[in-house]
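Each of the next two complexes has subunit A plus one more chain, namely subunit B in the first and subunit C in the second.
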Partner chain A sequence: MKRHVGWIGLMLLLSVTAWGVQRFPPPQFDSDYQIPQTTTPMPHPPMRDVVGVVVLLAALGAASWLTLKKRSRKWIVGLMLFSLLFFGFFRKGCVCSVGSIGNIALAAFNSEYALPAAVLVFFLAPLVFTLFFGRGFCAGVCPLGAMQDIVLIRPVRVPEPLEAALRLLAYLYLAFAVLFAATGSLFLICRYDPFVTFFRFNGNWNLWVLGISFLLISLFVGRPYCRFLCPYGVILRQLSRISRWRVKITPDECIQCRLCEQACPFGAVVKPAKPLPPTETARSKRTIAFLIVLLPVLAALGGWIGSALHPMLADAHPTVRLANRIDAELAGLVKGQTDASEAFRASGQDVQLLRLEAVSIRHRFLVGGIMAGVALGLIAGGKLIASAVPVVRKEYEAHRAGCFACGRCFAYCPVEQKRRIDQSTTNTK
Partner chain B sequence: MTQPDKPVNRRDFLRDGLWGACFAGLAGTGAVLASKSGRQQYVWQIDPAKCTACGNCATFCVLQESAVKCVHAYQMCGYCDLCTGYYRPEPSALDTAAENQLCPRGAIIRTYVEDPYFQYTIDEPLCNGCGKCVEGCGAFGNGSLFLQVRHDRCVNCNECAIAAACPPQAFKRVPADKPYLLKGQG
Partner chain C sequence: MTMDYIDNTQIKMRPLYQGLMGCSVVAAVLGVVAAVLLAVAGYQIRVTDPAQTDLLQKHKEQLQARPSDQALAEQIRDLDARVRRNELRRQQFIHTGTIYLAGSIVIAAVCFIAARSMLNPAPVVPTGDTCPAEQIQRARQTRLAVTVTLALLGAVGLYAALTARPKQTASQPQPQPQSAAESQPTATVDWAEAVAQQWPSFRGPWGDGVCRMPDIPSAWNEKENKAIVWKSEVPLPGFSSPIVWDDRVYLTGATETQQKLFCYDAKDGELLWTGQIQPDGTAGREAPHIMEDTGFAANTPATNGSYVCAIFATGDIGCFDRDGKLQWQKALGVPESAYGYATSLAVFENKVIVQFDQGSEEGLSEILAFRITDGTIAWRTKRPTPNTWTSPTIVKTDKGYQILTSGSPWVIGYDPATGQELWKASCLGSDIAPTQILAAGLVVALQPYDKLYAYRLDNTGGDVTESAKAWEGPGDMPDVASPVSDGEQVWTLTVSGGLSCFDLADGKEVYTQSLDLECHASPTLVGDKLYLLGQNGQMIIAQAGRTYEELGRSAIDEECYASPAFAPGRMFLRSTKSLYCIGKVD
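Showing the complex of A and B:
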C-alpha cells in the first residue's frame, strides 16, 4: 500500500514538472529572513583594453624608432622585456596580435560575431607599422617572440633549404587557422599558444609540455615559433618585403668586411651575390619556365588534397562531430554514447535538423578546403620559382622578409662602431 | 619616396604601386571590419538551459582551479530539508556529516532558516565547478543550483578551453556588461 502511495506521489511529481511548475514552491517565510541575491562579480573593466591598445601603439612606435634610428640592441631588449611583462604576464597574453587572426576570420565570415574594436587594433596596428617601418613588432612588442629571444644562448644555424621547407609549415598553420576560425570550429592559434601557460602560470600538462619544449628548442634554434610556425609572421614577412623603411646592418656604405656574416642567429643576414655566368643563364631560364608550368599543377594538387581532406577537417567542428556520432550510433556502428550525444538526446532536439546543419558546415569546409589547398599550392610553387630566380646583391644586408629587427647585427658592423664613437664625441663636446 | 629630379625606374614604380595596394588593402580590411565591430568586449558564459552538468568545467579550464563555479538562484530554491543537491542519494542521516554530502569538496554550507527550511550557500573558494550538486538539484529539485563562469576568476581566453570541450555546446560569448545568464530572472 505504502509503495502505491509512493508511485502515485512520483507520478504527481513528474506531471507537475511536465507542466513546467517548480517541484517545490519557494517557501513563504514567517521569520524576517531575507532571500540572498546571487552575486555577479564583473569582468575586467573596459579601461583595461583601452590601456592595452594605447600601450600597443606606443610600443610599436618605440620599436620602430629603436630599430631604425636609435639602433641599439640594449634598448630593444629593454622594450622586449617590458612587452613580455605587460602583454605577456600582466595581460596574460590575451588578446594578442597572433591570435587575433582567429577573431578576424570569424568576423569576416560570420555576421553574428561582433568583433571587439580592441582586437581589430591588435590585428591591424602591427601590420600598418610593418608596412612603414619593418618588423619592429617582432623585435620588441610580441611577448611570444620576446620569450624565445631572451633564452637564445647558443644559436645553431639551420641550413637554408631546411629553413625554407620548415617555413612552409607557417603557411599551412595559417591556412588551417583561418579555415577553422572562419567555419566557427575553433581558434587553432589560441589553443596551441606555446607560452600562454607561462603567462598565466597555470594550465594543464599538455600545454606545459608544449611551452617547455618550445623554450628548450629556443635555447639553440633562434625563435623557432616565429620562424617556422607563426601565422601572423607570414603576413608580416610579406608586408616587410615592401616596407618603406627597414633595418639596415650598416648605417652607411657597406665595406664588405664580412664581420656581420655570422651575426644573425635567424639566418636573416644575406650574402652578396654576383649575377649568373652567361653559360648558366639559359639553364636557369629553363628551370624557371618548368616551374611556372608546374605552378597550376601544384595549385590543382593542393585543391584536390583540400577537397579530399574536407570530411576529416570538418570533424573539427563540434556540430559535425556530433552529427557523425549520432548517425554512427543510430546505425549501430558504435556502442554506447559520448557526453555530447547523450546531451543531445536528452535535449530532445531533432536529428534531421542536426544533419542539415552538419551538411551545410561540411559544404563550407569543402569550399574552404579547396581554397586553402589552391592557395598553399600556389605559395609552394611561388616559393620554388623565387628560389630559382637568380638574385644580384651588392652588399651584406638584412633579409627583407626574414629580419626580425632584433638589432643583434648592429654591433658587428665597424661602420656602426665608428658612427657610435663619432656620436659620443659630438655629444661630449 | 622618390625624389622629383630622379628618374623613376620600373622596379621602384612597381614597388611603390604594390606598397600602395597593400596599404589600401589594409585600410579597406580595417574599414570593413570596423563597420562590423563593436566597442563591446565579449566574455564567455554558460547557458544554464543547455548545461548538462557533465563535469568538464572542473577539468578543462586552463586554470588549475576552474573559473566555473556553482551559483545559487535563491529565489528559485525550495529550501528543502532533504536537498538533493546537498545530500547523496539515500543519506544515512540528514545532517552535515561529510559522508552524506554530494559535494566532493564540502563546498555547500547548510544553514537553518526556520522550520522546515534550510538555506544552501556555495562556498566559492572550495567549489571546483564539477556540477554534481547541479545534477542532483536539477534531477529532483527545482534546479536552482547551476554553473556559471565567475568573472573574478575567468581570464577570458580568446578560445575558451571548456567551451571547446562542452558536450551540449552550452558556452557562448556574451557582452561584457551583462556577463551572467542567471536562472530565475525572467
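Showing the complex of A and C:
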C-alpha cells in the first residue's frame, strides 16, 4: 500500500511542474538585435515515416507471434516497453493509429485533404493484423495501451454490467471524433490524447491533469482509456470478433480448474454458460422481439438529438465560432474583441461571406449530427439485443472482442504450465 | 498432473529480483527529487515575471524621466540581459529536469515490472458456480446498466441541445450595422443586387455582354485626348478582359514564368498592387502547350468584391483579398487543351466557379466550385465534354440562380449551390469558344461557322435537346466572340467583321453587315447601342435595332483583343500594352 501511495505522490509532484509557463517579452528598447521571423517547422523527413511504418509492421508481426505462438507475457511486456519508447517517446506519439481516425475521416469527406501514405498504413495495418491474429496491436504495439498497462498495480474488477455500459462512451467518442474531423473542425482524438503530454514533455495544464488522472485510474482499473474511450478500440473489437486466429487461455483442452477466472484485470475471461431453461428461453425471445421493435425508435431518438445538438457542435468549428463572435460583437452582446475577431476585422474581409461560410458548415453538422445520432441509437439498441441473446459456452475463453491479448492469463493455466515444463524438458534433452 | 512450483518467497531472495527492485527504488527516489526541484522551478516561473523586476522597473521609470541618460540605458540593458540569461538557464533546467524525471520514472517502472514478472501468480480458486440463474441475472443487470447509461447520455444530450438553442439565437443576432456590407443579414443576401452596378467577371455579372449602367461614354479619341480619363501600362501580356468592382479594376497578365493579377485604382489608374501566383513547381510538370494566339492569360478573373480570383493557362488558380493579400493558391494541373486553356472564372456569392474542360475526349472535364475564402472545394461535378474555350455564366431565373455552360455537344445548366446538373441539351460540336447567353428566357448558344440555337430555360430538366428547343437558325457564326441580345434581337460578330442580327423570337436572320474591322472582342450592348470593338482599337457604336445604323466611331491607338468592362460613367479597355479608362474627364 505504501508503494502505491509513493507512486501517486510521484504523479502529483510531476503535475506541479505543469504550472510553469514560459513568458518573456522582446526587449522594449531599440537595439541591433533582429527578432527572428516566425517560421513554420519543416516537415519530418520522409525516411522517418518509412522507418515508422517498417517498425510498426515488424512490431505487429512480433506481437501476433508472441501472443499466438510464443505465449509469453514477459516477451509481450518487452515489446510493449519497446513500443512505448519508440512510438511514444521517440516518435512523440504521432502518427498513431488511434489518432489516424481523424485523418481518415477528413480525407473521406474532404477531397482537398491529401492523406499521407504513412497515416493510411498506421490506420490500416493494425486493422488487417487484428482481422487475422486478434488484438496483438493493443497487447504490445499501442503506446497508449502500454502506458496504462505498465502502471496497473492493484487491478480492481469492473462489474460486467458497468463495463458494458461504460463501453458506450467509446462509440460516442468515435462518433464525435469522426464528425469533427469530417467537418474540418478539429482532430478530437489527437487534441485530447491523454498521454501525449508525457510523450512530448509538453502540454497545457488541462492535458497534464487529464493524463495524470488517467494514469492514477490505471493504477487500479486496467486500461481505462482502451476499454471505455478508445475510438480505435471500437473498430478493433469488431474485427477481433471475426479474426481468423485469436488468443486462447489454454493451449489444449480446458480442464475447468477455474484458476484463470480472476487472472484478467480487464474482465475479458468469460465463464462457461449453460443452456437456459425453456421458460427463460421463451422470455429471452420476447425481450429480443421487443428490443428489435425498439431499435428504430432509438435510432430516431438519436437522430433527433443529433440534429438538435448541431448548433452547439458546430461551435467547435473556428469559422462558426468567429462568425458568432463577430455577430455578437456587432450586436453589442459582448464587450471587446477576441484575437480572432480582431484579426478578422483588421483583414478587411467580408462579414457576409463569413456568415455564409458558417451557415454552410452548420448544415454539414446538421447532416453529420443526424447520421451520428442514428448510428449511436442503432448501436445502443444492438447492445441491448446482444445482452438478451442466450449464450452457451463449454469452457473458459478469452472474450473475442474484449481480450487485449496481454498474455496475463497464460501463466494461470496449469495446462500451459505443463506445456512449458514439457517444452523445457524437451529443449534440455 | 504435477508441476514444479517455485515459491515466491524463494524468488524474492534471488539477487536478480532484489537488484531489480533496488534499481526501481533508487530510480523512484531520484524521480521524486527531480520532481521536487522541477516543482520549485515551475512555481518560480509561474509567480515571477522576469521582465518586471523591481529594479528593472525602477530604472525604466527613471529613463522615461531622463531619456538622454545613456549610462542608465546601458545599465538597463545589462540588467535586462542578466535577467534573460537567468530565465533561459531556468528554462534549460526545467527541460533537462523533465527528461531526467521521465527517465527515472521509466527505469523505475521497467525494473518494477521486470521484478514482478519473476513472481508466480498466486492461484485463486473462485468460489460459487456458474448457473443459468446467474447468467440471467447478469444479462438483466447489463441491460439495465446500458439503458441507464443511454438515458443519462440522452438526458445530457437533450439538456445541451435545449440550452444550445437560445445561445444559437443570441449568437446570430441582426447586427447593428457598421457598414453596408456588414449590415446585410444572411437570409436577404441577393447576389443580383450586389452585382447590379459591378462588372465582376467576363462580359459582366450575367456574362451576357449587356451593360446596365448609366452615363457610359459614347465618343472618345486618344489622338485628341478626348474622354481618356487615364491610361496605365499593363506590365505583362494577356488577352483576358478587365473586371471592375467599385473603385478597383483587375486584370491578369502572364508569361511562361510569371502569372500576375494587377489591381488598378479606377479613379486614377494607379497600380495599387500586383498579386503573383507562383507557377506550380511540381517536378516533371509538362510545359503547357499554349498557342501564341491564346497566351498564358486569356482567362478573365472574377471577384465578389471582397476577394478576387485568377486562373491561368497552366491551371494555377489563386485568390487575393481586395488589398492584394494572397488567400490561397492551387495547382489544378495543366489542362489538356488543344489551343491552351482560356476559360474565364465566374463568381457566385462565396464561391468561385471553375469550368475545367480538357482532353480530346470526354472524361477529364469537370466543373468545380471553390469556397472563395479558403479555397476548399464546395462541390465538383464531372462534365461530359472535351476541351472547350467557353466560360461559365451565372444567370438568375424564376426558380433561382443557375450556372450555364457550353461545350461539345452539351449546353448544361447547374445548380450553383450543389453543382447538380439541372438540364442539358445536345446541339454543339467540335471546338467551341463563344460563350452562351441568356436573353428573354432563352439560352442562346452558337456553333461556330454553322448555327445559332435557342433553348427555353423553363424546361423540366434532364436531357431537353428536343423538348426545350425554341429554334435553331443557320448563319455565319463566329468562332471567338460571344453573342449579345437586347431581348428582341441577337447579334453575332465574326473575326472578319461580319455582324449578323437574328430575331430572338424565331431565329430568323434580320440583317447582316460587313464591318471594316477585324474583331476578337465580343460585342457589348449599352442601352440601345451596340459597342463593336475592332482589333485596331476602333470602336463602332451602332444602333441596336432591326436595321444596321452606325452612330459613330471612336478609337484608341493600340491593338485590342479583350472585351470592355464598365462602371457607372466609365468604360475600361485593355489593349495589348495598356489599360484605358474612358469617361467624362473632370
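Please note the rule applied: the second predicted complex is superposed on the first by the 385 of 429 C-alpha atoms of A that agree within 3 Å, B and C clash if a C-alpha of one lies under 4 Å from a C-alpha of the other, contacts with A are read in each partner's own complex, and residues count from 1 in each chain.
Operating definition for what follows: contacts are C-beta pairs under 8 Å (C-beta built on N, C-alpha and C of every residue); 3 or more make two chains touch, one makes a residue touch a chain.
Bear in mind that the values here come from a model prediction, so they are computed numbers and not experimental data.
Of the two partner chains, subunit C is the only one that A:352 touches; subunit B does not reach it.
When the two complexes are overlaid on their common chain A, residue A:162 makes contact with subunit C while staying clear of subunit B. Of the two partners, subunit B and subunit C, it is C that touches more residues of subunit A. Judged by the touch definition given at the top, the superposed model places A:200 against subunit B, while subunit C stays out of reach. By the touch criterion defined above, A:286 lies against neither subunit B nor subunit C after alignment on the C-alpha atoms of chain A. Legend: residue contacts after superposition of the two complexes on their common chain; A:394 is shown touching neither subunit B nor subunit C.
Legend: residue contacts after superposition of the two complexes on their common chain; A:111 is shown touching both subunit B and subunit C. Of the two partner chains placed by the overlay, only subunit B lies in contact with A:46; subunit C stays clear of it.
Counting contacts as defined above, subunit A residues 22-25, 27, 29, 31, 111, 347 meet subunit B in one complex and subunit C in the other.
Residues of subunit A that touch subunit B in their complex: 22-27, 29-31, 33, 35-44, 46, 49, 92, 94-95, 99-100, 102-104, 107-108, 111, 113-120, 124, 127-128, 131, 186-187, 190-191, 196-197, 200, 202-204, 207, 239, 242, 244, 318-319, 338-340, 342-344, 346-347.
Of all residues in subunit A, only 6, 9-10, 13-14, 16-25, 27-29, 31, 73-74, 77, 81, 85, 89, 110-112, 150-151, 159-162, 164-166, 168, 172, 184, 198, 201, 257-259, 261-263, 271-277, 280, 287, 298, 301, 305, 308-309, 311-312, 324-328, 330-333, 347-357, 359-360, 380, 383-384, 387-388, 390-391, 411-412, 414, 417-418, 421 touch subunit C in the complex they form. Those residues of subunit B whose C-beta lies close enough to touch subunit A in the complex are 1, 15, 18-19, 22-23, 26, 29-30, 32-34, 36-43, 50, 52, 54, 56, 62-64, 71-80, 113-114, 117, 119, 121, 140-142, 150-152, 154-159, 161, 164, 167-169, 173, 176, 179-180, 182. Contact residues on subunit C toward subunit A in their complex (touch as defined above): 1, 3-4, 28, 31-32, 35-36, 38-39, 41-43, 45-46, 49-51, 60, 73, 76-77, 80, 84, 87, 91, 94-95, 98-99, 101-102, 105-106, 109-110, 113-114, 117, 120-121, 123-126, 130-132, 135-136, 138-139, 141-150, 153-154, 157-158, 160-162, 164-165, 167-168, 170-178, 181-182, 184-186, 189, 304-307, 321-323, 325, 349-350, 371-373, 375-378, 380.
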